[in-house]
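In what follows, a structure is listed as structure tokens, so that the remarks can point back to it.
Residue numbering begins at 1 within each chain, and the chains themselves are lettered A, B, C and D in the order written.
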Amino acid sequence: MLTQHLAVLQVVVPLISAPLCALLPLAGSENKLGNKLAWLFATLVSLTTFIIALLIAKEVSDHGVISYQLGGWAPPWGIEYRIDHLSAYILLIVSAIACITMLAAQKSVEKEIAHEKISLFYSAFLLCLTGLLGVVVTGDAFNIFVFLEISSLSSYVLIALGNDRKALTASYQYLIMGTIGATFILIGIGLLYMLTGTLNIVDLQQRIPELLSSRTLHAAFAFFTVGISLKLALLPLHLWLPNAYAYAPSMITVFLSATATKVSLYILFRFFFGLFSNEITFEEFHLDKILIPLSILAILIASSVAVFQNNIKRMFAYSSVAQIGYMTLGIGLATKSGSIAGMLHLFNHAIIKGGLFLAMACIVFRTGSVQLSNFAGLGKRMPWTMAAILLLGLGLIGVPFTAGFISKWYLLIAALEQNNWLAATVIVGGSLLAVMYIWKIIEHAYFKIPISSASEGQVISEAPFTMLIPLWILVAANFYFGVNTSFSYGFANTAINTLFQ
Amino acid sequence: MNKKRSLILREACNLIVPAVLLYALYVQFHGDYGPGGGFQAGVIFAAAIILYALVYGRKKTQKIFPASLVRYLISIGLLLYAGVGVASLFMGGNYLDYNVLAHNPQHGQHLGIFLIELGVGITVAAVMIMIFYMLDEYAD
Amino acid sequence: MIQTLQHYEFAILIPLLGGLLVLLFHNHENFREACSIVIGIVLFLYIVQLIGLTSGDNTAHTLLNITPTLSITFHLEPLGLVFALLASSLWIITTIYSIGYMRGNKEKNQTRFYVFFAMSIASTMGIAFSANLLTLFIFYETLTLCTYPLVTHKQNQEAQSGGRTYLGILLSTSILFFLTAMVVTWLHAGTLDFLPGGILDSKLGPLGALLLFTLFMFGIGKAALMPFHRWLPAAMVAPTPVSALLHAVAVVKAGVFTVLKISVYIFGIDFIATQHAADVILWVAVATMLIASIIALTKNNLKARLAYSTISQLSYIVVGAALASPIAAMGGALHMVTHAFGKITLFFCAGAIYTATKYTQVSQLDGLGHRMPFTFTAYLVAAISVIGLPPLIGSWSKWYLMEGSISTQNYIVLIAFSLSTLLNCAYLLPIALRGFFNPLNSNLDHQVSGIKEAPLACVFPLCITALCTFLLFFYMQTVYDFLYPAFNP
Amino acid sequence: MFADYYNYWVAIILMMLGFYIVISDANLIKKIIGLSIFQTSVFILFISMSKVEGGTAPILAEGITTYSNPLPHVLILTAIVVSVATTALGLAIIARIYREYGTVDENIIHDQDEEDEDNNEATG
């Protein structure tokens, strides 16, 4: 019975479980049992969303696009949940990362968040998950804005729960910039509604081609570009990301780094290719003239800034800004293979960056800080975590056998197909910068002798199993998708082909 | 905070609060065919409670509306909203399809709108009161 | 039976298995060393019985399909087989030598050394048997990463900075140039497979071919062409068995093997000749050959001198490939073999001297010849082989390289070869002469009676390899005939 | 030209006002106020687009044919809830910042962060 309601269940399950998680017995109290119960509930919900995502992916690959009318109203009037290959692809990533975060979250959250807030932390997490899944599932423009706001608001709350007082200012800054970005998207949607009188994305796509002359459409396109790149943290508008990721609770950085910006990239795909269709976006509005220079700047500046960071979480946050630059560079090449490469890198980067921040969570759990000096001698003390950082770091650089290599390979092909030598050199140059900041950590971990005075006597031992297993699942995924790309490339390929006309 | 407000304030408050609560309920239950609905009703309801709390102090209000109850109300309101949706799922229609809720679509729509607006009203009122309680705690 | 032998990835699995065994028996040393040697021998035998196969069907065997069009496939071809034979045989000898060296100098965490040693050999086998450029690139990168812990074995400050230059140059050249060149080839040729006669079509145009060849050659950092050679001397911080591995067995040989494989199977000898693809690289290689020899002259540290001599010897092979004549390429391939045996003996001698006397400077070696007769005679024989005098195998490869340069009327290259031979004599022979004819260096406070030969486990391997430089002299013709079909399709 | 696009001009002016306050003001609370002004301008934009010449309130009644378009109103209802939620969240964060930093002035907070940075560099 439930199979034909999959699309809506994907959102309703986490939506209902969020208040339920707050209503759980002993919620909001200090005792451990209540917090463990809340964690267990949240993990179960994440697992169910992942299973639903798998079923949806199977359904989509068998029967093509799923269209679900909310409340029984036909599309142009009612809200239509529309899942094509692109949405199924992102759903899988978001729910998989949610599961892995939740699996590893128990001990780390116990240590970092005030005990009475833990059950509310999990319910806010579920709300954030609802928002992210909702954005990907819905086919209605305004509904995307609503779900985007749900996920952003809950992620502001989650970031503000960090135990460092800088988390508050980081969350505040993210709130201001995030709201401005979302409001820009809202203005864009409003202008489109004014022109066409409909909010359904497919309906909009049919009506826009004959409106190309109107200036309001140009204004709407401009608002979308700024709003989405603000949410995406594309270089000039990325100022909120480093602080937000560095001072948030470690498990939240793991979740947000692998999903939030990815969903914003999905919005970019949905609006600029699903709504505006790629000819309009590139021939009419020349989006590539904006995307390519900004992405090149993002890759070079963010990577070089990352090299000089002392706080490793900030370093990986800047590296995330650079990696987003890779994705937008892929898209900016304005060809199908470019967007496929961008999609592929989105998938691979979610695995690698999620893993790296999970390793950071292990280190914070054991040593309490992520300053570079604190890494001295960790190679011996926490061998499994450091080995994971090394292997995932190689993935970030793009060494063969890792997922990073595959996305670098396809990005290079897409760039060199058009003899765009600048983009090719930047792609390759970016990975050189990645070598520099990854090796800074490796050298500290394996070559420096630990300053015995720093670790207050207690011997730093390896991270607990519950955090290591998810970490090594991600490392295994990094290698698996480095070798067998039938899923990651196949799905991205069909997704882009269905999206592009 | 414990010194009592002047007599005039307390008397005026006794007059206004019941009227505002009644008006809130009116707006709540006439939302489907007239102006009104969950959001507005919730806010008016909360305004009445907050006025009472301003005049009689947070402690007395918390005897009527304890903080834990308000917290539960937030979740219950949202669950009611989503519950109606899931109910229509189980009754065979799509999510939030009110036609299947009752024997004929007309009543189903009416019932659906009514319950949804009630859920929204509860949540909005509870959230507003909770915000007031939180900011009030910061004050002292 | 033949069918199972087709799975060339056994050649990769055997060393990995060896690494695993070493890891398992890390606490009792003798058993661990025995494992390494046994695995080395097993690998060597496996490859030897592959020789019979080349004449028959050497069908490619796909291990993994990364994407519908890209795959990790292995196949058997003469050049790859010679390289695999060379690497596996020298691996056995180097393991024996490193047992003696490690025990002699009581080095720490030896298990890690043997494990990464086995992994480097596994990646070398992967390079030897790779059937397309992607597989070769994958194992090329894993070789760099596996040798990094070996280079930074001592884990002190200069090991770290040496490792940084080592990895920095190798990774950046391979990512910057090699990967881009590979993608360009993929776009132009549609495939990355190694096919006799090359896969590139003339549509590339002479300039395109020139650019692509230069991009490839600078991309292969392991061939140590001049601007990107800094990593080789920087790798001197490693213990001597690692330098032996780097210079003779795996790393540089992998570099020049890739050079040969690309110029023969991707570009094709005649394609290079007609498109003049290799003109830039030819003169860069000749310059590297001469400049490196001159720098070697100035180096007082023995290992640094040998390192710069390796850089110049590698450029012999790159010149052979760039001359675009089958004979020169054949000469390059033979030089790959002869230089391996010669240079590994020289490094073994350097290690033996260090183990016995802790001396590393050339000036300290006066009069040691009488105390360490075997080491120094082996050194002399190997030096002569590297210089290229007849009774030893070095003469064969130099002969064909010079013949190749004459056949393409490149007389300047011929003069460069002879000049470089002179420079070889100038920087290799004085060490042997000092050892035998100069009196003991008085101002050094070494206890005269104390000096004797390094432990047998060090001296025995270097004598074998010195002997090989002599014995193989008579079998070079068979190697030539074996390689002949590869170079003239 | 100004007359008939009067409401859009109001929306634009309000938007730029709110934007200016958000960017220029150092006081955190004033930033939130600026933000809500910025959002209100968007509401005016939406609602003004829903006005139909001579249309009455969108409630069915006999004899009335033209109604103003209800959809933007509904959208704005949700957007208002979002804006209220953002403001409430912003104020809650400011309350906590005030308790942690003792001030709501962004520059002072920035200086305190700089000091933290320096002294945990020293101890680090």
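The definition used in the following text is that contacts are C-beta pairs under 8 Å (C-beta built on N, C-alpha and C of every residue); 3 or more make two chains touch, one makes a residue touch a chain.
In this text the structure is predicted, and so the values were computed from the model without any measurement.
Visitor: Indicate, using Cα centroids, the chain positioned nearest the centre of all protein chains shown.
Guide: So the chain sitting closest to the middle is A.
Visitor: Could you grab the centroid distance between subunit B and subunit C? Build each centroid from C-alpha atoms only and quote it in angstrom.
Guide: Each chain's C-alpha centroid was found; their separation is 80 Å.
Visitor: Centre to centre, by mean C-alpha position, how many angstrom separate subunit A and subunit C?
Guide: 45
Visitor: Could you please state the distance in Å, as a whole number, between where the Cα atoms of subunit C are centred and where those of subunit D are centred?
Guide: Spacing between the chain centres: roughly 68 Å.
Visitor: Rounded to the nearest whole Å, what is the centre-to-centre distance of subunit A and subunit B, using the mean of the C-alpha atoms as each centre?
Guide: About 36 Å, centre to centre.
Visitor: Give the residues of subunit C touching no fewer than two other chains, as numbers and ranges.
Guide: Touching at least two other chains: none.
Visitor: When you check subunit A against every other chain, which residues touch at least two of them?
Guide: Counting only residues that touch two or more other chains, subunit A contributes none.
Visitor: Which of the chains are touching one another, listed as pairs?
Guide: A-B, A-C, A-D, B-D
Visitor: List the residues on subunit B that touch subunit A in their complex, please.
Guide: Touch residues, subunit B against subunit A: 71-72, 74-76, 78-79, 82-83, 85-86, 89, 93-99.
Visitor: Which positions of subunit D touch subunit B when the two form their complex?
Guide: Residue positions touching the partner: 57, 59, 77, 80-81, 88, 91-92, 95, 99.
Visitor: Going by the contact rule at the top, pick out the subunit A residues touching subunit C in the complex.
Guide: Per the stated touch rule, the residues are 394, 397-401, 406, 408-409, 412-413, 416-417, 424-425, 428-429, 431-432, 435, 439, 443, 446-447, 482-486, 489.
Visitor: So in the complex, which bits of subunit A are touching subunit D?
Guide: Subunit A residues touching subunit D: 142, 145-146, 149, 153, 156-157, 160, 165-166, 168-169, 171-172, 175-176, 179-180, 182-183, 186-187, 190, 193-194, 310, 369, 371, 373-374.
Visitor: Quick check: in the complex, which residue numbers of subunit D touch subunit A?
Guide: That would be residues 19, 22, 28, 31, 35, 38-39, 42, 45-46, 49, 71-72, 75, 78-79, 82, 85-86, 89-90, 93-94, 96-97, 100-101, 109, 113, 116, 120-121, 124 of subunit D.
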